[in-house]
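So the structure is just underneath, and the comments pick up after that.
Chain nomenclature is as follows: A, B and C, assigned in order of appearance, with residue numbering initiated at 1 for each chain independently.
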Amino acid sequence: MTTEVRSMAEIAQRLKRRWLELVLVSALLLALGVLFSTTGLTLGDVISKRFLGATLRLSVPIAFAALGGIFAEKSGVINIGLEGHLIIAAFAAIAGVIMTGSVWAGFLAGILASTLFAVLFAIVCIEFQADQVIAGLAIWLVALGLGPFLSTVLYGSVNTPQTGSFQTITIPGLASLPVIGALFDVTPPVYLLYVAVIGCWYVLNHTAFGRWVNASGENPQALDTAGIDVIRVRYVSVILSGVLAGIGGAGYALSIGQFTGSGETMIGGRGFIAVVAYLLGNYNPIGAFLSTALFAGLQTLQIQLQTGVLPASLVQTVPYITVIVVLAAVGHTRTPAAAGEHYESGDE
Amino acid sequence: MTDSDSRWRALLHRIVYASAFERMVISLAALVLSILVGGVLILVSGRLTTCPTAATTYLGVGFCYDPITVFDRLFFGALGDPMNPLFKPFAGEFAAPFRAGWSPFNAEMAVTLRETTVLIFTGLSVAVAFRADVFNIGTQGQLVVGAITSAVSLTALGPVAPSGIAGSLVLIPAGLLAGAIAGGLYGAIPGALKAYADANEVITTIMLNFVAAKVALFLVSGPLQRADSQIAQTEPIPAAASIPSVLFDARTGFSLVALAVAVCTALACYYLLNHTTLGYELRTSGLQAAAARYAGVKTDRTIVGSLVLSGALGGLGGAIYVMMIVGDFQTGVPSYGFDGITVAILAGSNPLGVLLAAPLFGIIQSGSIVIDTTTNVPPQLVDVLRGLIVLFVAMPEFFRQFGRRFFDDDGGEIDG
Amino acid sequence: MTTAVQLDGITKRFPGVLANDDVDLTVEQGTVHALLGENGAGKTTLMNILYGLYEPTDGRIVVDGDERSFESPRAAIDAGIGMIHQHFMLVDPMTVAENVTLGAEPRKWGGLAVDADAAVRDVAALSEQYGLDVDPTAPIETLSVGVQQRTEILKALYRGAEVLILDEPTAVLTPQEVEELLSIFEQLTDQGKTIIFITHKLGEAMAAADDITVLRDGQTIGSIAAADTSREALAEMMVGREVLLEIERPPVERGSTLLTVERVSTPSQRGVPAVSDVSFSAHAGEIFGIAGVDGNGQRELIELLTGLSTPASGSIVFDGEVITHTSRRDRIERGIAYVPEDRHAQGLVMPFDLVENGLLGNQRTSSFTDTGRIDWDACHEHASSIIEEYDVRPPNPSASAESLSGGNQQKFIVGRELARDPALLIATHPTRGVDIGSTEFIHEQLLALREAGVAVILVSSKLDEVRGLSDRMAVMHDGTFVDTVDPDAVTEEELGLLMAGEQPARGEQQ
């Protein structure tokens, strides 16, 4: 009797999800239809190497930040400050290139800066039990100030000078395939992204550490009483989120070759979009990558549309509005049960 | 242990544990710590950049920036340098404390109070939402929407409004109302999305900030752009709609009337939260939604309501910004909304606390202009301080542990 | 016979609280030992010390003849001690095998991957060996509470536990599941395992244990073989005075029908019927009890009655008027008072003081507000009078709710709800986690209401309580009323069957 009831519940839940997905997909199709019909863009423009290549390049910051966010939140620490990690990594990467002249050294500098921010965030949240959302916002605000501040100190302007950037690596043969050849004609951070997506998926689903991360966010006491140090699992996860977001921020800046710090900086909310991407991907690295591709695709589309008839500033709102619509449609994702809560073991 | 010693300890215990007082101490400590960290940042930056002569030398190392000068400019510069250089109480020299010729109505002071006025609104906006457990990061967007709506409505009303004082009496309330309504409606969007679609308001409000900025840019560089203007700005609002300045120079863009309105708004918010049924319901659902539902509160409506109120306060801030400071709407609105987050957090989300935190941040914002003109330190320093303050206030446990260690107290919680 | 565990003079001091005071405990290998005491007697603290969660302030722990000190659960596990907590330490989305092996995963590929197949195999074998009948591949969230508990036992056995500690293991089980658990105890002790279980239920200690140790106020009152004692003697040891185990319920004439519930159904949040086709009526001057194992739709039914949700079908009539779809506020205004199940989440706002908590639910009542403005003086007076009348301690209206003990919190809630002068009181688990003194007080209040002609609906999973207080009682299982019975005539066995959803023999065959 009970098992029957359970399966009914699952069916009902699945039906509800299907329904949401249906609404979502039809809304997107409608929006795309309107875009195509009003701008004269053809499907050929979208299904092209150029489009796919640009989408992959724009996926780097969002996807890496999303992968990082998955680890942090799965372990029970909501890292809403991913935007801050991206900003500081982007700036440090460019500054690193200017100082050393090496793109790879800049890349490492960016990752290091973001990782340091993650260590700070981890200490603040885990050791000093800060409210995770407020601390995450603080990390963002600090980076939002620090990037342009240091840029002005060093280069006299919130925007850095143009530097060297990553060159694309073309894999002979594969790159000449139609359309998907673009997957093999990209910069190193994009190749790194392929590895990271598979790697994160493997770690989370097939290693003991992945199990611990999961348990740490669902029921930290269960993990603690099983003899695993919850605090250590959370530290590692949060720092990992900083490393991954750092790769994203540095990789993005180094594909452009400049840090721009005016307004919301060059990152422009991509860290927050990353949060929505992993929610939409249901904390699955592969799902997060696919939903990132959706948002990055929209941004690519938006860049291409700016040459069209619609005013640029209006077209620029499309990705942001999509994020809101998507979030409203998938609002009911199952977040880790203990996400956002402090954990203290035993007595002091 | 002597009697006075134990009394002193009891007092310290209260300092470390008492809640309302504790919050104030933590806010102050966070501020001091931010300034210290900011000082280190200034020194480090001073080594990173190059300059013909060192601004200061510590331990034989020259630095291009001197943190003491910077913070002196930041705080005293923002007040128009009130201190008499001969007044050195610590050195035993008691000249008149205030500099001769210093007037409280100076231009720097006007800028400080001008920023304070807008920050009271944005701080209240964030604080009120916080009390309902809603993280409204969208005050910036709500302020922009309120500002542009207020500017446009005033321009439209101008020709039909009476002239002179009568015009002001009609136009100023109308402009404020337009801003509040627009901001409130814009706040209703994330409110409804949170209440009825479970969409996290932190993300939606941040996205709506971007949307507001982009749409405003489109409007003022397109359909609403001032005729013959090269920059993105609307037509100027009618003269009668400008909030009159009192005692201060009109060119400074500060009005005591507006400040009075801001203070009254803060008092009204305090009264609303603590002495009305609505406020009680809002606080209850912010602390424990299940208890609020038990008490017959419709928590979905409370969420929407708190964001509408929050948005309206942000929109009011926008209207004040237009009617007191710029006189039209143009892009490049300062980040009052984000500063509002800091003000609210520093204030412990208490409207009366906002009245203390907003001037502090008004000083910092106004001081950043002084820094920009009198030192070579980038004024973005202030944005870093903003983040640091939020970070430190967010970790009260740090100060508690510090306090416990420092005062050697064995207090702690009972394990369950 | 050898001694498996010996605790000597264990003392545990928390800031301001002496949780264990010189406690002794000796457990023989291969036996079932009950640790009996009231809430707050220090039973769980003592076992947490044995399990390495707390460090004792003083005292000696001897396991298998060696003196040990455990600085972490891991050390206790290594010494062969396993603990099954009252709230299961299970990760809901993971499977049984994943949970059992958590932190001790079998690895392959040089440790780079978890050997999931080996985990399933090992767990299946262990389940077989002790007759636990658990499917290793089932996700925890799809399992009944009884199976989850057996998963916890597997977890301990997988880690090589020789001594199993169970904290209040029967609190969430049906009488039949309790029977199953006791037979599992037998299987385990037959294979040489030792079991210590914490309980506050006399009957269970008597039925399941070989030996019983009673704790009170953090001290050992005594140890005794179960065969050599009686319920009455144990009760006196537990409470420190003679206790009336029976509730006196004087006869009261039943009044008119006040509430009529007609065939209400409601789906749960997951779309499954949580309440299906329930009908009953409640009368003035009557306590109507609803018994059942937790999670069988009681909460959802009560939410329908109190206006926290509305039914998908059916009707609710109160005092002659249909209120099926009216709001929570409307129910409050009609004089339906409600003592909620979860006082920490619903009944009180923990950071608020008692003045503010006294206003909870009354915030739109004219005696406390005037056109939206709150009269704090009136609220203060109100809170003070509740505190005085219901003996809430500390007697300080400015104390925050979270600073009060469970019993005092509950007395304050009961006081606040009764001060509404209700026509109907709905009380769910009014004495859960409440000390015996406050429990007696709350029972007296409910009986006084009944005499005053108020209708009372009482939901409780404590059978003694619901049987003792109710004039009529329904048994709820899987969202339906299995039967409505006379609490004085029904036997314990019949109730057990009803709670499991089966009609006793006298009912119709289905």
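As a working rule, contacts are C-beta pairs under 8 Å (C-beta built on N, C-alpha and C of every residue); 3 or more make two chains touch, one makes a residue touch a chain.
Keep in mind that what you see is a predicted model, and the values were worked out from it rather than measured.
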Give me the chains shared as neighbours by subunit A and subunit B. C
Chain pair with the most C-beta contacts: A-B
Chain whose average C-alpha position is farthest from subunit A's own: C
Expressed in whole Å, how far the mean CA point of subunit A lies from that of subunit B is 30
Distance between chain centroids, defined by C-alpha means - subunit B, subunit C (Å): 48
Can you give the whole-Å distance between the Cα centres of subunit A and subunit C? 43
Multi-partner residues of subunit A (each touching 2 or more other chains): 346-347
Touching at least two other chains at once: which residues of subunit B meet that condition? 412, 415
Which residues does subunit C have that touch at least 2 chains other than itself? 14, 54
Enumerate the contact residues on subunit C facing subunit A in the complex. 14, 53-55, 72-74, 77, 83, 85, 87-94, 98-99, 102-105, 107, 111-114, 142, 144, 155, 268, 270-272, 478, 501
Subunit B-touching residues of subunit A, taken from the complex the two chains share: 80, 124, 127-131, 133-135, 137-146, 148-150, 152-154, 158, 263-264, 268-269, 272, 275-276, 311, 313-314, 316-317, 320-321, 323-324, 327-329, 331-332, 346-348
Okay, in this complex, where on subunit B does subunit C touch? 275-278, 280-281, 284, 287-288, 290-291, 293-296, 298, 410-415
Mind listing the subunit A positions that touch subunit C in their complex? 1-3, 5-6, 8-9, 12-13, 16, 206-208, 211-212, 214-215, 218-219, 221-228, 334, 337, 346-347
Per the touch rule, the subunit B residues reaching subunit A in their complex are 41, 45, 48-49, 135, 137, 193, 197-200, 202-204, 206-208, 210-211, 213-215, 217-218, 221-222, 338, 341-342, 345, 377-378, 380-388, 390-391, 393-398, 401, 412, 415
